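Paired with subunit B in one complex and with subunit C in the other, subunit A is shared by the two complexes that follow.
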Partner chain A sequence: MVTKTEETELNRLEIQVDNGGGGAWEYLCLVRKLKVRRSDKVLKHGLSILNDPKKRSNLGPEEWTLYEQVAVAAMDCQCLDVAKDYIKVLQKRFPESKRVGRLEGMLLESKGSWAEAEKAYSSLLEENPFDQVVLKRRVAMAKAQGNMSGAIEWLNKYLETFMADHDAWRELAEIYVSLQMYKQAAYCYEELILSQPTLPLYHLAYAEVLYTLGGLENLQTAKKYYASTIDLTGGKNTRALFGICLCTSAIGQLTKGRNKEEKESPELHSLAATALEKIYKQRAPTKLPLLNSALKGLKI
Partner chain B sequence: MGGELKYEIAQNAYIKLVLHALKHKTAAVNAVLLGRLVTSTEGSHTLQISDAVPLFHSQITLLPPLEIALIQIEEYYGAQDMGIVGYFHANERFDDAELSSVAKNIGDHIYRYFPQAAVILLDNKKLESLPKGKDRSPVMQLYTKDASKNWRLAGSDGSSQLTIKEPSANVVLLDYIASEKWQDIIDFDDHLDDISKDWLNPELFK
Partner chain C sequence: MALGFAVGVFGVLILAHAAYSTIQYRGLLKIMEEEFSGPPMTVLAEVLLGLGLCMWAGLTVPGKFLSIHPDSEENRIVSLPLNVDFMIFNHRGRAFSSEIDMKLKY
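Moving on, here comes the complex of A and B:
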C-alpha cells in the first residue's frame, strides 16, 4: 500500500525522468520498493540503463535486480522478446536458480501457454511447497483465464498457510467484491481490521461493503466504521464523510415511523455535512452548489 | 412509438469513454451516459448520447460511491435538460466480451427510470485493431432491453446499431491515443480521492 506522500514523490520522480532530468535509477528503485505497477515507464527507463554499457556497469551487482524488474515489466507490456532476452541473461548468470525459474514460468504465462506454465510452477512447488510467489502466480493465472472460482479456491488455500499476508486478504476481498459476494468480502475486511486496526483503508472498505449489503444492522455498523475512518484520518476522508450522510439517510428511511428511541441522532450527519461543505468550499468551489443539493436530498 | 429507435453517441462522449478505459488498462471501468430522446420531424426517434461521466476504476460494484456520483450527475445534467440515458462498462480482461451481471444490474436500475436505456460494452478486440483499419463504427457493443426484458446485443435481431454522430471520431480518437491523452481524464474515483479534480473534465478537449 502506498501513502499519499510516497505517491507524490514517485510521481515527481517519474515526471523528472520522463522529461530527461535524470534519476532513472532512483525511480526504478522506488517503484520496486513500493511494489507499484508502472510497467510502461519501468520498461522505458530500465531499457535506457541496460542498453547503455557504461550505465550498466555503474550498477554493479544491482544490474541483475534491474534485469529481473525490467523482464517482468516487459512481460506486462507484452514485449516478450525483451523479456526472453533478459531472462536468458539471468539464466546464464544464475543457472539452476529458482528465482529465474519463476520468471520462466511467468514468460509462459504471458504467452498464454497456461498448461506449460502450470507444469513449470508445479515442479518449482515440488521442491519448495511454500514458495509464496509461485503460489500467488497460480492465483493470478486462474484470474487471467477468467476462472474466478479457481482463483478464489487457490487464494483461500494460500491464506490457510499464510494468514498474515495482508495483500492476499485484500486481493481476495476485491475479487469477492467484483463478483458481488459482499458477505465474503466483509469477512476478509474483518480479518484485516483485526490484524491492523489502525489502518483507515480497511475501516472504509468494510463500511462500503456493509452499506452495499444493506439492511438496518449493516447500515448501522457501516456508519460506525465510516465514523472510525473519519477518526483515523483526522476528518479528511471525503468518502467517509459522504458515507455518514448516506448511512443516516438510508437508516432514516428504514426506521420511518418507528419509536423515537430507535431513531438516530442527527448530530453526526450534520457534522459530516458541515465538514464536506468546508472541504468543497476550499478545494472545489464550483461543485459546492451540487454538493449542497445532494446533501439536501440526503437529509432525513 | 413508431419506427426503429436509433442510438447515436457524440464524439466527445465516445472519446471520453475509450480514454478512461485506456487510462486503467488493468481494471474494469464504468461510466454513465447522458443525453436525451429526440424525435425528428419525420417521426423517427433517436437516443442521443451527448456526454459521458467516467465513474470508477476500482471496486466498481460498491454502492456508496455510485449513489453519490449519480445524485450529483443527475443534478448537474438535469439543469441542462439532459438525463442519465445509459451505462458504459469495460471489462477487466481483454478476452472477456460478456456483459457482466454488475453491468446488467446498473443497467436495470437506469432502465427503471428511463425505458430506452442503453448499455454499452467496450469491444476490446475492435479497439485493438482500430489503428489498422479505417472503421468508422464505434469500438463498442450496444445492448438494449428486448421484449422479454433481457439485455440483448444490438443488431442481432435486426435492431439498430450504435453510430457516432461525427464520422471522423475514430481518427480523432487515434490521434488522442497516440498523444497519450488518457492521462488527462478524471473520473469520479479520482474526484473522491482529491476533490479538486473535476469529473466534468472541462479542459479535456480544449
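Moving on, here comes the complex of A and C:
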C-alpha cells in the first residue's frame, strides 16, 4: 500500500540520487520497504554502492540484503553475469542457505532453463514442503511459460494451504481476468474485500468485474460497490463516479419495460454527475464540454 | 520547542503549588474546626491557570500532528504493491540492452 506521502518521498529520493546527490542507501531501503519494481535504478545505484569497498564496509551486515536486492534487479534487467557473480558471493558467505537456493532457482528461471529451475525448486520443496516463496515461484514460472491453467492449478493448491495470503488472491484474480473467467475473478475479489475491507481499490476492482459480467443483479451490486468506493475515498475517485453514472444508465436500459414503481431514484446519478463536473472544472477545465456531452448521451 | 517545554514545566509547578495550598487550607480548617466544603477561590483560579498552561504545552511540544483521514491528501493510497513474489523475468524488457557498465569490481 503506497500512500501519497511515501510516493512523493520515493520520487524525491530518486531525483536526488539520479542527479548525483547522496542518499542511495535510503532510496534502496525505501524501494525494498514499499515493494515497488524499479529494477534499473536499483541496479545502477546498488552497483555504485557495492563496487566501492569503503561504502560497502559502511553497510555492515546489511550488505547481504543489498546483494540479494541487486541480484534480483539484475535478473529483471537481464544482466545475468552480474546476478551470477552476486549469487556466488552470497553462496560463499551462506553456504547452506535456502534463500540463496531460491535466488539460484530464480537465476535459472531468468535464463529460460525452465526444467532445471523446476528441478531446483522441487529439491528445495523436498526439504521444506511448506516454503511459501518457492511455491509462489513455481506459479510464476508456469505463468512465464504461458501455461495459465497450470498456474491456476498451482495457485489454487497454494491457496488451499495459505488462505490468508492476499497477494496470492490478487494474483489469481488478475490471471482469471486475463483469461476472461470473470465469475471466478469476482470470487477472488470477494475474498480480498473480506480480508481488507477498508481498501477502496479492491471495491473498485470488484465493481468493475461485476459490471463486465452484466445482468441486472450484477449491475445493481456493482453500483453499490462503486458507491462504497466513493465513500472510502471521500468522493475523489473519478473512476467510481463514472461507474455510478454508467451503472445507472445500464440498469435503466435493462428495466425499460418494467413498472415505474420499481424505478430507483435518480438522485445518486445526479449527485455523481455534479461531483464529476466539479472535479473536471477544478482539474481539467478544457475537457468539461466533453464530459457534459458524454453525460447527456447516457440515457437515464 | 524549548519554550513549550518550559511552559509545561511551569504549568506542572503551578498545579503542585495549588495542591500544596489546598492541603495547608485543610490544616487551617482543622485548627478552626470547620467543615471542608471546597478549596478557596485562589486555589481554583490557580488550577485553571495550570490547566491552560499544561494543555498549551502538551499541544505544542510534540510538533506537527499527522492526519488520520484515510482519504486525505497525504494518506490516500496511490497504488497497491506490485506482486514481487510473482515477478516474472520473461518480459519485453529483455530486448533492451542496458547502458550501465555492468561489471562487479572488487
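The definition used in the following text is that the second predicted complex is superposed on the first by the 299 of 300 C-alpha atoms of A that agree within 3 Å, B and C clash if a C-alpha of one lies under 4 Å from a C-alpha of the other, contacts with A are read in each partner's own complex, and residues count from 1 in each chain.
Keep this in mind: a residue touches a chain if its C-beta (ideal position, glycine included) is under 8 Å from a C-beta of that chain, and two chains touch if they have at least 3 such contacts.
Note that the structure is predicted; figures quoted are calculated from it, not measured.
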## Note on the structure
Of subunit B and subunit C, the partner touching more residues of subunit A is C
### Task
Would you check which partner chain A:Thr233 touches, where first means subunit B only, second means subunit C only, and both and neither mean what they say?
second
### Query
Touching A:Glu153 in the superposition: subunit B (first), subunit C (second), both, neither?
neither
### Message
Applying the document's definition of touch, where does A:Glu7 land relative to subunit B and subunit C: first, second, both, or neither?
### Response
second
### Query
Is A:Glu277 contacted by the first partner subunit B, the second partner subunit C, both or neither?
neither
### Task
Applying the touch criterion given at the start, work out whether A:Arg37 contacts subunit B, subunit C, both or neither, answering first, second, both or neither.
both
### Query
So, A:Ala144: does it touch subunit B (first), subunit C (second), both, or neither?
both
### Message
Touch test for A:Ala294: subunit B only (first), subunit C only (second), both, or neither?
### Response
first
### Query
Now for A:Glu116: first (subunit B), second (subunit C), both, or neither, which partner does it touch?
neither
#### Entry: First, second, both or neither for A:Cys77, with subunit B first and subunit C second
second
### Query
Looking at subunit A, which of its residues have contacts with both subunit B and subunit C?
37, 144
### Summary
Residue positions on subunit B within touch of subunit A in the complex are 26, 28, 58-65, 67-68, 71-72, 75-76, 92-93, 95-96, 101-102, 105, 191-196, 198
### Summary
Given the complex, residues on subunit C that touch subunit A span 69-90, 93-94, 96, 98, 100, 102-106
### Query
Of all residues in subunit A, which touch subunit C in the complex?
1-5, 7, 34-37, 40, 43-44, 47, 50-51, 53, 72, 74-79, 81-82, 85-86, 106, 109-110, 112, 133, 136-137, 139-141, 143-145, 167, 170-171, 198-201, 232-234, 236
### Residues of subunit A that touch subunit B when the two form their complex
37, 144, 146, 174, 177-178, 180, 205, 207-209, 211-212, 238-239, 242-243, 246, 279-280, 283-284, 286-287, 290-291, 293-294, 297-298
